[in-house]
Each structure stands twice: as structure tokens, then as C-alpha cells.
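We just call them A, B, C, D, E and F in the order they show up, numbering each chain from 1.
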């Protein structure tokens, strides 16, 4: 398992009235990339933002953008997010009856494809698409809202996905991301189970010592858990 | 027909990286209210923004907000937009099999209900809900994108809706809005046909003399067309 | 307008633990037929009962049964309700993209077809199927629940449908039913507007003088309104 | 009403094992164009054929092809039928929530757009798209199968559409087509009501004197009914 | 495996005209609880009954009620069944894209959550929600109708689920239910495979010696199979 | 593994203007059966042909027909394909929430049921229906189009399915089919992984030495790979 630890913010708690400043501040705080939680109000009960909002923020920082597509129809929408400046698109296995084609198409658009698993979805759902992705996202909350509590039983699934990647010889090239409830109290468990890309939302914005402290604190906890 | 002319911006052309400043500038330019084009990527092919984006902009200006819900499931979403600070919710007749209940429920949430008609939808679709709304929106483009050309044949429908309002004695209390391609070249036709609330997007932002000029220019054209 | 006044109970307020007794009591009270409010929890937010419940009650009284199908897929379900003993099936215009075929098929099953209109649906939705039905139902509440308040503005639509029937020479053969909020305070308005079949639910069950009084009272009010 | 009478075959009764020969025979028999009944098994209960079947037949005759799209998602499919060689695409009003855009897009693909009405659908459904089409199809059977009986009550709707076209000054440029149960016994009624393009399926193939006789017989009946 | 054997009736064969008496008779016959087969006519081809029917029966017996939700939208409906008096809600894994949230929400309503598997659905579908349920239902018929034959090949899946529960240390706290075709000829096989809660419908009502005999006979067979 | 090698054409590249001749030529070339790729434009983005096209070709050859149903609603359509002369129906696991019932029903129609897996779908999706089928189809392209490239990573799944069949003692009675990109360069890998029924489309029609050579060449490669 040689992929580096990455600390990645969810922008859900950011101030949407000044998103440009917010993503610049995240970059200054040392995040590795920015994740955009795209929700359509259909696959999940909340509607957040689409490609034009993401595109507007693109010029305000230089770290990569990834779009986490919590939408019913990822095939119809993928190109818009690539055009908006996302270099990685994460598709939910539950939303794509032709998941292999969906991921293959995203790779063909010049972005990197990734796949997400809802808490109830078994790891077997992705066993035949691992060669098409550069990241697997194991959700540690049910998607739809920020600020939810970490579901610790997902560590079993994190470990299963890590074992699948190891067995296929993919742990050097494929990241394993977790999203939901990640903070100082939970990040070590997620890393020990096998995660290396850690999404943090509330935990970053609620740190009384500020974003930069929050990022470096989470990073040191994560790297410590790995040693 | 005694309802006043209102000039209302669509925020679609605004800079989403600094929405707070953008809505403040719109208010300073003299708009009567701000319309939020909520699209879910399902009823229309574009996904824009949801309640948290609108809520973030709410404190940056004091004119009323209205949400134009271009979504598959307005019933499930309406409360979120009231909570986000919208005092009017516009529902598409095409999306609500129980349109009368949907509008009645919105009124019960403390917002005012309004109803929109796609270009192909006949005015008869709303003849039994007129007593529940304070605004009817006749779309003059097919919803989904900013920057489209005004469909002049919709003036026939604008006139039909105006006649319905007059016949029911509702022209004092119900506004008639048009949305799509409204600018200096088209606003007079829309007003002459019967509209009094005019949504403008590109026309505002492309005016070389700035937003304030654009608003007052459109307003004087509209008021002139009425005289 | 020569079709007789009919007073018809909705069974929604009945005691479902003893439905056999309940329908027998309704018959004894003098109702003309019994309406079954079939809801699937999809077209409307409530799920009530299906064909086996209706079939179980069939032998406990001899007045005709009609099924009001508030369901997404009336075509797939119609035969089951005919088999359960319903001699009339009422289909919502909003649920059948091939409404003419749906009604024609029901007539071919040996039942009589009827068509219902949601409060927001214009009368034009049924103008090309009037020759296939023996009853038109104008909803005076939004379907889904018992005990709702009568929407008086629907009297405009009742009158429109009555005018359509008159103009086609169908008022001798086609009934005009109303459903929702019908009671002593509202029945006369509905009849004056043109209805002759009156569904009553709460109003029957809440009459302190009992079902029989409620039925005869409503009937005399309705017949008086007509004179 | 100056548009010429046209006799157009449905290929549903043709021998699909030798479609090339079949369309050549239709052309030789004098038909004006060929209609392809595209059914997806979702909007209608039957699945027939798609663009590759039509394209294969294209080189076997020279009369124009039109595709009658009885499908749930005409927007997603339209381009394929233009590419297959259809110069006109007929879309059902019931299948397109953004009907105006759908028709406009088809015109932009280099084909001519047309719109169809199911038997139960009122003519008002198309009153705001008449300027976008070169043909209106009034179905005289419920779509899905060949060999059904003509619904004579549709003549009221044919007359309504004809009146709409006349009132808009469109009868010189827009055809009025009927489809379903057209044969020697019914064609005159349809023409008298206002139709000028007549689809015939079974009636052509069952004529004991052959296709050519059937076409010329229908044509002479239709032209006679007009005089 | 220490959870007790439970014999549970399906009410599908009961007389719906006198449900109160029927559930009282089931209680008198010694059943451990009553299962309500809620079908919406959409997830399964049959529509049975909803919350008001169940609520009406609640006061006629004191054994617990469980609702088996064979519906498309369990999230939207769950609260109604808790309010109707069901202390356990069984959700189909096939119907809930966010199954973990659905089950968690039910637990938050004060009922106990359970999960069902269609015959074709693999046990892996529930491996990440086992900590949220107090019962797993392995269907031994395809849901939708009473009176179907037991699918003996499901015993492989029953054994797999039992092994999962054992491996997680959950066999003391989580029940394993089977439903479909359970009777004297099949109950022992189901129990030997690992089931401890046995739903019986036709087998109870067809026993010539009556309900009480049927319940005790099935119970003794089940307990004997376990010894 | 004793089931014979079979070489089976997809008709997608055939000339649909003369399908009768085409299937006769395939039979003359020595194919074992003919597969019909039924696509509805909904489950997959292409619409091909339905039962009437297949039925028309039935009398032109005597090898068996199988229908590969790439459709949203296989239950509603199955009987039509049996009636059209298909002796085997292949249903996608992704399209049938009640897959066990769907396959059981097909067997009850007098055809043999088979099940297909999309590239991303794990083999576990069919582990509880293997006793109902006489063939499993492992897709080696994402369904929807002819002429796509073989996905070699699917050989892992082919091997998994073969192992499941062996473990259940079903390899004598159940075929294992692959479909997509099969040609001289890929057929040996598929056979070595465990396939015995090989669908070929483009590879057959593009062979410069003709269909008969193509069939015998593929057959000899497949049989050689097995030895």
C-alpha cells in the first residue's frame, strides 16, 4: 500500500456566497484536492450544485477538482463536469446499470473515472471494474447531507476493498477514499482499515485553530495511523 | 391590468464564485426581486443549484427571492426552498400530477405559490388553479439554459393567460411573468401581450453600460409599452 | 339532465376490522352503490386496499361496487377489480397515456368504464373519451385521503363537464360524480353545478343520527337543489 | 385546404424477411411515401424496429421515409432516425415534456418535425407548436398494433385540428395525417373531416387486386370525398 | 443458534370482511406475531392493504404486528406502518438504493428494522446492514401472491445467512425468517437450513383440524427439526 | 465440461432488407443457432427489432433461435418472443427485480430460460437462479451495439461462472455463452476461461473467405483451445 495519504475537503460546509475565496483558502490550508458533492435531489434527497458553480470556482485555486456524482443519470451528465474542470469523476455503482461503460466513457473524456459504494452496497459490485478506475470511494455515511456521523462498521468494507486492490496488484495505482464523518476521532480507524484519501467537511470547518491546522492535524493523524 | 412592471434578474449569468457580491450588485442596480433557476438535471438537462446556495446569498441583499423549480419532484423539495429564504415558489404544471395540492401546500408553508408553463403546454393546464397562485410564468424559451432566443409565438399564450386573469377578476392580484430571451428587442412585445414581470438574464449582464442601466432601460421600455 | 341523484359512500371512514358488517350497514342505510378508494401509495401518497379486500366484502351486500383506481398502472390492474365484483371502474385521466384504450379495454371486460379528473386537470382531458364512459368523476379534493375540505372552485369544472355532456346528448346516459368534502353544507352547490352522483365519506359516518339519516338527508338536499 | 391527398403505407403488415423487396413494391404501387412504425415496447406494448432496419430499406426505393416514433424518449433517439434516411419524424405529444424543444431540435437536424396525438389527447396539446411542424397526425386507433378498427369519433378531432390550421393560415403548408383503420370504408369520412395524408396498412395488403389497385382505389376515394 | 422458533401467520388467506375476528382467532391459536403482506401493485403485481387496514385490526389482538413492505418506496411509507401499530418493518433490499439509511431511519421511528431478500438476490446484498436489523427474511417464493410452492433451493441461501449471522456473533439477537410455501412438508427443511421464524399462510388455513392444531403442529415439527 | 462448442451469429451486421436470405445463409454456413439482439432503446441506447421481425425470419432456416432481451421489461415481453419462434430467451439480471420468477415463467412458456450479466455485474447476481437456466451469458462488451472490442478482463468472470457451474454439477446441462468482440484473436481466451457458446457478429461478416469459412475457423480455434 504505497499511495500517499491525501486530505480532501468537501465544500458542503463552505460559504456558497463566496466560493472563490473559499476554495482559495482551502488550497492555502494545504488540501490535496477539492471534492464537489454534486446532488440532484433524485438519487439523494438534497440538490446542491452543478457544473456552472464548479466552473466558476476553478480559476480560484490550482489543486485538482473531483466531482462526486450523486445523481440518477451520470452518463448524461459526465461531460459537463469534465468541461467544468474536474479531473476525476466519481460515479455511484447504484446509479449505473452499465457501470463498466460509464467508467470507460469517462476515461475517454480525458478525466479519470472513479466509483463509489453506498454503505449497504457490497464490494462485489465493483470487482469487475477495478481496472477502469483510479479511485474507489467507500461511503462512511449515507450520501445526501454534510455533518453526519461516521459509520464505523464500514471499516469491514474498506478492508475488503483494500484486500481486493492488493490481490489484483492495484494498490500502487488506485486510491481508496472514504467520505462521511471523517475527523480526528475517526480518521485513524479509516486509515488502519485501508483508506488513503480522506474527505473531511465539518471537521475542517469546525476546527477552532482554523483550516490549515485542521488539514495538518488530520494529515498527521492519518500518517501516524499508517506507520 | 394594474399590477406594476417588475424587472427581475435570473442569476444564471452571474459569477457563482462570488454570489453574495453579485446579488448585492443586482439589488443596487434596482431589480425588484431575484429569481433562482433551480434545475435538477432530470426535468431539464442542466443541474444548477439548490437550497444551500440560495440560502448563502440571502443575507447579501434584501429584495425578495423566488425559486423557479425546474425539477421532477417539487412536492418533496418545496419546504427546503422556503427555508432557504424564497418567498415565492414557481412550480411547473408539467411536473405535478396533483398540481392543485402542490400549490396549496406551498401556500401553507408561508410562501406564495406560482405556476409555470413550458412553451408547448396550453394555458388550459392552469385554468383550475388560478385562485391558488399569485403569479403565472409563461416560458418564452424551453427551460434548461440561459442565453436562448425569445420564442415570439408565445405572445399568443401570454395574451390567453392575461385574458383568463381578466375574466376571473384576478389581474389586480396575480402577476404574469415571462422568462427567456427578454431584452430590449423583445420586452415590449411581451408587455404588450400582457406580461408585467420580466425575467432578464443575458440582457442584463451584457449591457455595456452596466447592470443599473440595463435594469432601468428595460423598465422604461416595459412601462412605455404599456402606456 | 335526467339521470337520478345517487348517494354513494366512500368506505374510507369504515371500520376495516369488520368490513362485511360495514357494507351491509351501508346498504341498509339506503346507499345506491359503494365506492372503493383504491390507492397504491404511488399515484397518491396513501395505500388503502386491493382486490382481495373488495372481493371479501362483495357477498355482504347487494348494491353495486365501483372501484376508484388511484393507481399508477390501471391497465395492469383493471381485470382484478372486475373479478373482485366491481361493476364500474373509474380511471384517472392523469394515469393513462393511452386513456382511450384503457377505457375501451375495461368495457371489454364486462364492466363499465368511467374517468376521473384531478382538481387541476382541465375538462378537455376527457373530451375525446366521453362516448366510452358511463360516468365522469370530478374530484372536489386532491385524492389520497378522506376527510378533506370541499374545493368549491371545482363547481366551474362540474358545470363545464355538464355542458359537454349536454352538448353531446349524453346527459341521459352518463353520470356526473363528485368526490371529496361532500356533506350537508356542500352537496347543494355540487348538484346545482351539475353533479348527480355524490360520494360522501366523513359526512355519513359523523352524522349523530346515524347512517340512514345521513343518506336520506343528503339525498333530500340533493334532490331539492335540483328542483 | 390545398395540400394534396397522399396515400402512405404502414409497413407493419409487410414481410420483414424481405423488406427491401417490400418497399420497392410499395413504391411501384404508387405510394407517396413510406411510414415506419417505430415502437419501443415501453410507450406502447409492442416493439417493432429501429434505425438499422429502416436504413437497410432506404436504398430499395426512392419515396421519402417518415418515422412515427412511438417511444418514451424521442429526444434521445431522433438523430438516429434522421441518419437512417427519414426525412420526417413524428413525435407523440404525450411523450415529450419539452415538446417545443423536441420539435425544434428535429428541424435543426435537417429533417421535418411532425407531431402525433393519441385518441384521448385533446387538440389543445399542440396549439403552441403548430408553427414548428409540417404535419399533424391524428391517431384513429390507439397505437401499438396493426389491424385495429377505425375510431370514427376521432373525426371530431380531425375537424378541430383542420380548423386550427385554417385559423392560423397553415393549411397550405401543414399536412393533416390520420393513422389507424383506414380503408375503403373509412377513408372518405377521414378526408371529409379534414385529413389529407392517409396511412393504410392492412387495407393495402389485403386488397385481392393487389397493392397498386389498393393505392389507386384509396386515392380515388379520398380525392372524391374532397371534391 | 439460540433464538426461539416462532410460528407467524400471513393474513393473506384470512377473511378480509372480518379481519378483527380473524386476528383474534390467530392469537387464540397461539401464533407468536402477525405478519401483514403490504403490496403496492408496483414492486409486486398485487395490491393488498395499507396502514388503515392494519390499524383497524390492531385492537383485536395483542401479539405484535410486523409489516412486510413489498413496495417501491419504503422510505416514504415507513412511518405510516409504525403509526398503524407495527413494531417491526421488513424492507426489501431490492427496493432501497440507500438501504442502510432506510433501516436506520426505521430504528429511529421506534420500530425494529428488518430486511428481506427476493429469491434471486444474493445474501451479499445485506452483509453491510446486519448490525441494523433484528430479523432477516429469506423469501422462499417470489413475493406477490399467497399459495405458492416452496422453492427448496433457497435453503442454500438460508444456510448462508445463518453462517453470516453466526460469524458476526449475531445469532443470539437477529431472527432468520422464511416466507412462502411453509407447511408440514417443508418447515423442517427450512429450520434445518437455519430459519427460526416461519411464516405460514395457506398451511394454517387449510388444516382440517383448525388453526390451533396447525400452529402447534408446525411448531412441533420446527422444534423437532432443530433438536 | 462436456457441453459442445457452439458458434452462434449475432444478426446485427446482417442486411435487414433481406433477413430471410441472411438467416438461410447463416444456416448454410454451419452455425448452431441464431441469436437475435432485441434492444428497446431504454435499457440500452439502441433499438433494434422485436417479435414480428424475428417471426418473419423463422421459416427461412431451421436452426434454433434465441432472443437476447436487452429490454427494461422482460416479463411483459417474453411471451411474444416465444410466439415468434425463439426456443431460448436470455434475460439480463439487471432488468428483473424478480429474476427468479421471470426465469421460472419463461420455462413455463415452453421455452428455455437463460440469464445474462453485464460486464460490471458480479457472478453472485445469478447464484440463486442457476437451477432455472440452461445457459448463462457473460457479456464481453457493454450491450447496445455491434462491432465493439472484447473486454479481456471478463475472462475472470467467465472462469467464476464456470467454477460455479462445476461446483453445482451443472456443467453437463448448462451452457456458458460469451457475446461481444469474439473473433479469431479472442475466441481462444474465452474458451480457455470456460465459455462454450460463442456469439460472433462482425468477425463472421468481415471474413474475406465468407461466412462458412468464418464459422468453421472459429469453431476449430474454439475446439483447439479446449483440447
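One rule holds for everything that comes next: a contact is a pair of C-beta atoms (placed from the backbone, for glycine too) under 8 Å apart; a residue touches a chain by one contact, two chains touch by 3 or more.
Not measured: the values here are computed from a predicted model.
Any chain touching chain B that also touches chain D appears here: C. Of all residue numbers seen at the chain C-chain D contact, under half occur in both copies; the interface is built from largely non-matching residues.
Its interface matching that of B-D in over half of the contact pairs by residue number, E-F stands out among E-F, C-E or A-B. Each chain gets a centre from the mean of its Cα atoms; for chain A and chain F, those two points are 38 Å apart. Remark: chain B and chain F have CA centroids separated by 53 Å (rounded to whole angstrom).
Taking the mean of the C-alpha atoms as each chain's centre, chain D and chain F sit 36 Å apart.
The set of chain D residues that touch two or more partner chains comprises 124. If you check each pair of chains against the touch rule, the ones that pass are A-B, A-E, A-F, B-C, B-D, C-D, C-E, D-F, E-F.
Considering their complex, residues 93, 96-101, 104, 124-129, 131 of chain D touch chain B.
On the chain A side of its complex with chain E, the touching residues are 43-44, 94-95, 118-122, 124, 142-144, 151, 153-154, 156-157. Within the complex formed with chain D, the residues of chain F that make contact are 12, 15-21, 38-42, 45-53, 55-57, 59-60, 71-73, 76-77, 80.
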